[in-house]
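By written order: A, B and C. Residues from 1 in each chain.
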């Protein structure tokens, strides 16, 4: 009891302090600047929220279960520092839309939530506050990271991630040094053809290399199938969009589905296990195989860095290749880099709560504690000016590749029409791998499914 | 209720056919217990051991001791003991509230046979038929508007949604009590309150137990209602389990197994503590419901 | 459902609740339950019916659309498919559960050695909740199916039989208890009389046991019927509707999704289809009412005959 009284008292004091420093708190940026000042500037600068952040509270419905603990800690720090209560709740895996739908109806609705991109925004646009003039928008390193509806900024990307084919550098070098290797240097792998040659040769000489297969098992268990039904499927979509010069569509043509088939065939053939076993392989299985050196290639992303280093692999063991599917200018293709995580502020929240929420997110991306937590604890690369240099090896690779003039592949999977669509493709892929279904079913799920699912969103 | 005319006697002479049946049932029992046994066994194995073979006994290599019980306690960044406490609180509180309120209500409804009472009674019966999906949205919305999204508040929802069966069962029993006893008490000057608590309540004991058993089984295992109504900062055991079932490729199966063991233990204790009543509760619940 | 009105209520002009005190005691005895009942059932129920005729995202912005939602519900391929899947599941599970429970109960009332242990073993799974059971069985089935390079999420046939096995495992014990009570309530002198009349075992079964067991059979049939029909937790935890396959018309169909789960998904996965989800809820309710009325009708008729 006593504790809460003290907390409340300190909250009031802080509020007074913050009101005092509001005038001085306009300049923001560098992580070392006065945190209290930064926080209030959000409230004072933006037009929409007239509320007082000190009276508000924040309810953040977090999307990523694996970052739940880190968010809870960060929220606690913010509350200690500013006296503004922050509640972080996390939806169970795969139930974010469902949970958000239910939570939004409640009186204590989330003040801060996330959408995955334009498709998600369509559903939630009525609930999104216009952030065009908010401080956080000005903190973005590029306006590309603002999610817009017309000329209004409704969402702010808060994490940029990259994925590709992670490889075990030591083992891959061992292959390159072998007699049977056609490809003599890792740098030579810059197309689907080369990748296939390498993988096939590794697979054929797996005993000599001491591995069980070229690729880790492409597990289609629910804990792992998103790597293929969502992330891998991004590539044919990306190249089709590029051809058509569009950013989203209601009817996908499936121009590059044959290439999708080729890479999928490669994954499931040059693998640590028989393709018929993939149905029950999990994400953990693939991760373990990679860590144990049973496989050389592992399609995954920068978020996997923590797991593989904890597993004992060193930075110098790790590399990441772009996912080549045999389309476009492969020599200049980069990693798949983008975001499916945009913060939105609930427009129906009270003015005080809105101000508090803006305060919170601005603090997260500008303060020392916030940027440190996002970079180190959550392993995020954040597209904000005050971002801390990431220690993530995969992020560095992405930076180097971009610096070398490679074009990153953008994330187009947030334009996939629905979760149902992904599941349909996933089932078809698994059945194809297991031999109980044919590739036509994948095409059907991809093309026909897209049309029906997109129609539902209209 | 059931005439005990054919109560099985263990000393009865066993014919060949009966012996075969015993053997058959023993085999069947093994299959019946197997799933629970598998869970217990795997809770002592490492994750690697589980994915290698769910049915293998732990070996020196895959034996994990009580480790998964330790990790399980905080697995999913949510303390499991809090979940257990919430489940206990809601179940005990909900059942107590239902018993107390609906027994009084049922007695009044039966003894004061006005139109209003009849309408309420038939509505209660009617509510037993309605599937939860029909009211899930409006109910959770109502609960939220009234701030009943806490473990305290949800007790009221349980009273409301569980009233049907309880009122029905209590009413059925009240009808069978001769009213003369109550009238005699009334003549002696005891008011309805005194009559109810002093005379009716003790007679109702068997029904109390039946209702308690049925409602306990319902509330303890209920998933969707608390999931939709409770604030996300509270979890009951089913909610917790469903939450842990799958999180981005890092499912700690062995921790989940240990939590399942921990949540089955109270059920087993409950069964052996009130075995007799549970059987009676099930039977009378079925006959009346 | 309501079958217990065997005792005529002898409470005309009950002195207990004479007029002057009636209101006060109504408040004490009935009001708490009534208030909770209105909050927890009556209001949500009528509000739900109202909303099934509306287009809405939240309750505050509902607009009346007449029967549009119902039409959309019947055109919803996933919903219709889940109805047939549910029916198939109900038929198989009701028959299997009752057959197993009936014969197990019969055997256990013969007085074989270990009856009490068997009874406990068969009954206890019933006390474990659907979510946990679903998870346990998911692990077991997948561990077995792994040897055949498949899993529950891949093949609807396995999903279907998985659900059936799970339900039999869980429910047979419960029904067995009711059947045992039924067997025990058959008066011993009836058997005695049949024996004196020279009836053989088969005749005793069909002429004495079965007719006397009819009430138990009816009860168990309807209990399993409604339980299976309303199944949700087990379905969610075991297969969650998987596999999802794109149908001829391009619609995503979750092949092992039962009605309750389908309604839940329609409602919460897309805020655009809430009205339809609510209408489906009402349709679901009406089907359950029909089942309940059938039961009422059958049990009433039996009582008259008995």
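Definition applied: a contact is a pair of C-beta atoms (placed from the backbone, for glycine too) under 8 Å apart; a residue touches a chain by one contact, two chains touch by 3 or more.
These figures come from a predicted structure and were not determined experimentally.
Undergrad: Identify the chain pair with more contacting C-beta pairs: B-C or A-C.
TA: Looking at contacts between chains, B-C has the larger number.
Undergrad: By mean C-alpha position, what chain is farthest away from chain C?
TA: A
Undergrad: How many angstrom lie between the centres of chain A and chain B, each centre taken as the mean Cα position?
TA: 41
Undergrad: Centroid of chain B to centroid of chain C, CA atoms only: how many Å?
TA: So the centre of chain B lies 16 Å away from the centre of chain C.
Undergrad: Please tell me the distance, in whole Å, between the geometric centres of chain A and chain C computed from their C-alpha atoms.
TA: That pair's centroid distance is 42 Å.
Undergrad: If a residue has to touch 2 or more other chains to count, which residues of chain B qualify?
TA: If we look for residues of chain B contacting two or more partner chains, we find 141, 242, 245.
Undergrad: Provide the list of chain C residues touching at least two other chains, using ranges where the numbers run on.
TA: 59
Undergrad: Can you pull out the residues of chain A that are in contact with at least two other chains?
TA: 102, 105, 222
Undergrad: List the residues on chain A that touch chain B in their complex, please.
TA: 64-66, 68-69, 72, 87, 89-90, 92-94, 99, 102-103, 105-108, 222-224, 282-288, 307
Undergrad: For chain B, which residues are in contact with chain A within the complex?
TA: Spelled out, the residues of chain B in touch with chain A are 47-48, 51, 76-77, 140-141, 144-145, 147, 149, 228, 231-233, 242-243, 245-251.
Undergrad: Give every residue of chain C touching chain B within the complex, in rising order.
TA: Interface residues on the chain C side: 1-5, 7, 9-12, 14-17, 21-22, 25-26, 28-30, 32-34, 36-45, 47-48, 51, 59, 104, 107-115, 117-118, 120-132, 135-137, 139-140, 143, 169, 174, 177-178, 181, 183-188, 219-220, 223, 230, 232-233, 236-237, 259-260, 263-264, 267, 274, 277-278, 281-282, 284-285, 288-289, 292.
Undergrad: Tell me, which parts of chain C touch chain A in their complex?
TA: Of all residues in chain C, those touching chain A are 58-59, 142, 145-146, 149-151, 153-155, 242-246, 249-252, 254, 268-273.
Undergrad: How about chain B: which of its residues touch chain C in the complex?
TA: The touching residues are 1-10, 12, 14, 18-19, 21-22, 25-26, 28-29, 32-33, 35-36, 38-39, 42, 53-55, 101-102, 104-105, 107-113, 117, 120, 123-125, 127-139, 141-143, 146, 148, 156-161, 163-164, 167-168, 171-172, 175-176, 178-179, 182-183, 186, 191-193, 195-196, 217, 220-224, 237-238, 241-242, 245, 253, 256, 260, 263-264, 267-268, 270-271, 275, 278-279, 282-283, 286-289.
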